[in-house]
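Consider the two complexes below, in which chain A is the common component and chain B and chain C are the respective partners.
Take a look at the complex of A and B:
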């Protein structure tokens, strides 16, 4: 039997088993006693069509919060990771601060950080400081995710074998030159998948800012659901969040593949 | 004229383990000195100390009259004059061969990129690597990678080269091409301190062979004397084992 025939057979088997599995699952759900009620309150096509444009509009705020926060997080987290990797006793206070920061913001629930900053910071009535809940929500997300993402970067930095740094230093490069040109480029490439994982988390956690009153997709779907006593708007919001993560996941796969190909490339 | 390299009573410990227990060694300009000795005798540590990759615990190291182990010395400036090549090549896998070679000259010596690339291309061609300049390390054989590593060190125009078991990670059929490169360097007058297990090679290339045992240089002299009629029983034992393993 040739490989081509075997490959086609594998595809057919995979397709069949998928169809059977989901048919059984569908039958089980639609034959549940409460299904008609669930279908009416969660999967009402009319409600979906009515609420979707409004929620999609509100979802733009999620995308905006995500983009702004991500840009800052990528930079701040890297700085934090670099600070924590500084060698020598002189930098102990900086390293200790870095550890304290990461421990604190990974320990406190995100929703609490958002609530504390979102309600607390505007109450200070400081001059030149925005009162917008969305602003403080973004700040809270940056603070929390910087702590997480710095750990990802740090794992990447530590995964680069010390002999790479030794080789760079032996050529007369300084600690920072070695970090910038030799260690970080390798570290960042290795942590692209876990970085993306955290960014999917961040995308979803933008919904928590709705708690402060910012009308993002989740808040909007809550408003719609409350107005109609129907939960279909939540499903609409979920569809939007998923639709954003899938392209991001495929993009990462592509980045990882491209890097692997390039490293093994034979030059032209 | 001062020695190219001079070690005086150099000591180094890792925790309680004393690896170097008072090393005295002079290397003259254009001299090739081979360090032989069993694994763990301190050969690699000695080379890493000369390159300041490991701080020493006692004694001093002097390069061309300048003490490089005194406090406050600019380690980056010292390292630019001393090339080191490692057993495991340690090429930068995310850079092309050319980028590996030009990185340090452009960053540490501030050589303009075009000139650094020109010099790198000349060096690569000299060691038969001209057609590999745009390849990435993972696509090269071990022998090619080690030759690139040697070129990378040479691109800094060092006064002194340290070679740390540079053929130990290679398949036997790839050893010769790397040794050939080192022979060429020796013929060109490069001062070298070489840790090696290749006794035949040491005999060919070295002006002097030093036998390291338990953190001290037990015996040193011309290769034909050390390798054929050593005075110390420990050296005799070591060479006997090498002969039994078919490596001499």
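Take a look at the complex of A and C:
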């Protein structure tokens, strides 16, 4: 009973403090001297309605780039992670290459990779090399995010206790059989939340491809903002990105919760 | 007051007070064009003697433009922090016009200060760091809600730059341009022109900078680059070998597209600059500067 009362009190306190906090924040912002100007330039409803359909159209390109890139990233990153976990001195060159790759592409800002590839590769004027800026934007995203995601996979692989691998090998499984049947299934399940975290990052970084001239959501919002000298289209683009990200974030939470429940059930 | 019962007077007062508050809040949020009009009204009334001008830094005319400063709008040799040209040179059309306006307002050449203002920040809300920005910015009614524009200092036509020997280079009409991929620079009206007049079948590309647009045409990632005519002459002469101006486009709207200087909304300086521009127009200075710096832009075939 007391727990119920305390629970209810906690809810009331949380509600009250939330209301007070956001009221104060709202009052502070709306009473700032520049608020009328900010409201006109960032939150113009008429402008929002005018620019939203075009930005939503352009957003389809972001979704497309994200889906294509993600499929390749998941495969390439896993391969890279496996290469980096290869045992033995014979594979040192491969491991070193893997490390160099991950270091390089995590170190260079994504927008630079996009700019260098998007304008550099077509400049070679090679036959059969696509000229499409969107194509090269996607390639750049794949290169960069493969480096990040391979680290996530590797963390998962290393989190599986060596005794698991040792047990598998003692049963006569080869290194790759043990990796495939014993280590990876456990590793991948553990890293699903950080993987989805990188998906979200990738979703947002599709906006960088606009630098090459592709008209995606952010570029379209820039076009609208420059045409009207009003930043409301940026807010419209932000709304679209958030609308795509939030379901993915909640899905991640749900996966984590489900995994925890399952493990607890096994433990009991 | 005996005519009215007390309660009713109080009620009326309350309503009046409420109305006043509403009116004030509407005025404070700046909605409605009436406040804009009154601002415009005051600009012409203000004195235009040098001491009375509303300036960012007293005694100095602070002028903004983007970096790099491209010919034929700016000339002279590159001098840090400026790339490609030097606005202080007084050479190039926009630099020359800015100094001519400054002279009309009573500023010596040494009293003009140039600052770098990227196009995207020229219309950011809040106080501006420049007295005016001169950066090939086209007047548009929607833009004029956020900033004030001076009158035209240049009426502009859009033009199409292509690579010689590519399929598009043999097109002679606007209709023949439809199957190609076009590019434009962000913030220019060139993009609007492509979308609403050429109406190509492929989504045009939009670039943040002139460099990116030029590189893309060099790479053949786009078939044609739409820019204003004077810039087209610079692109073909200095930036892309083996390129040519396929033609200029007839002005689409009833009123010619024009470049204006950009001011902070409500700045009383606009009126004085407009007075200066109208003097420069009537005494032939603007025409002379146009002939001097943009002469080539007169003769390009018109695409219909």
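Note that in this section the second predicted complex is superposed on the first by the 261 of 268 C-alpha atoms of A that agree within 3 Å, B and C clash if a C-alpha of one lies under 4 Å from a C-alpha of the other, contacts with A are read in each partner's own complex, and residues count from 1 in each chain.
Here is the rule we go by: a residue touches a chain if its C-beta (ideal position, glycine included) is under 8 Å from a C-beta of that chain, and two chains touch if they have at least 3 such contacts.
The structure displayed is predicted, hence computed values, not measured ones.
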First, second, both or neither for A:166, with chain B first and chain C second: first
Partner chain in contact with A:177 - chain B first, chain C second, else both or neither: first
Which of chain B and chain C A:109 touches, first, second, both or neither: neither
Partner chain(s) touched by A:265 [first = chain B, second = chain C, both, neither]: first
Chain A: partner with more touched residues, chain B or chain C: C
Partner chain in contact with A:193 - chain B first, chain C second, else both or neither: neither
First, second, both or neither for A:38, with chain B first and chain C second: second
Residues on chain A engaged by chain C in the complex (per definition of touch): 34, 36-42, 119, 122-123, 125, 131-133, 210-215, 219, 222-223, 226-231
Contacting residues of chain B [partner chain A, same complex]: 51, 53, 76-77, 79-80, 83-84, 86, 88, 90-94, 96-97, 103-104, 107-109, 132-136, 138-139, 152-153, 156
Complex contacts: residues of chain C adjacent to chain A: 28-31, 119-120, 123, 125-126, 140, 142-143, 145-147, 183, 186-187, 191-192, 203-208, 212-213, 215-216, 218-222
Footprint of chain B on chain A - complex, ascending: 163-164, 166-174, 177, 181-182, 185-186, 189, 262-268
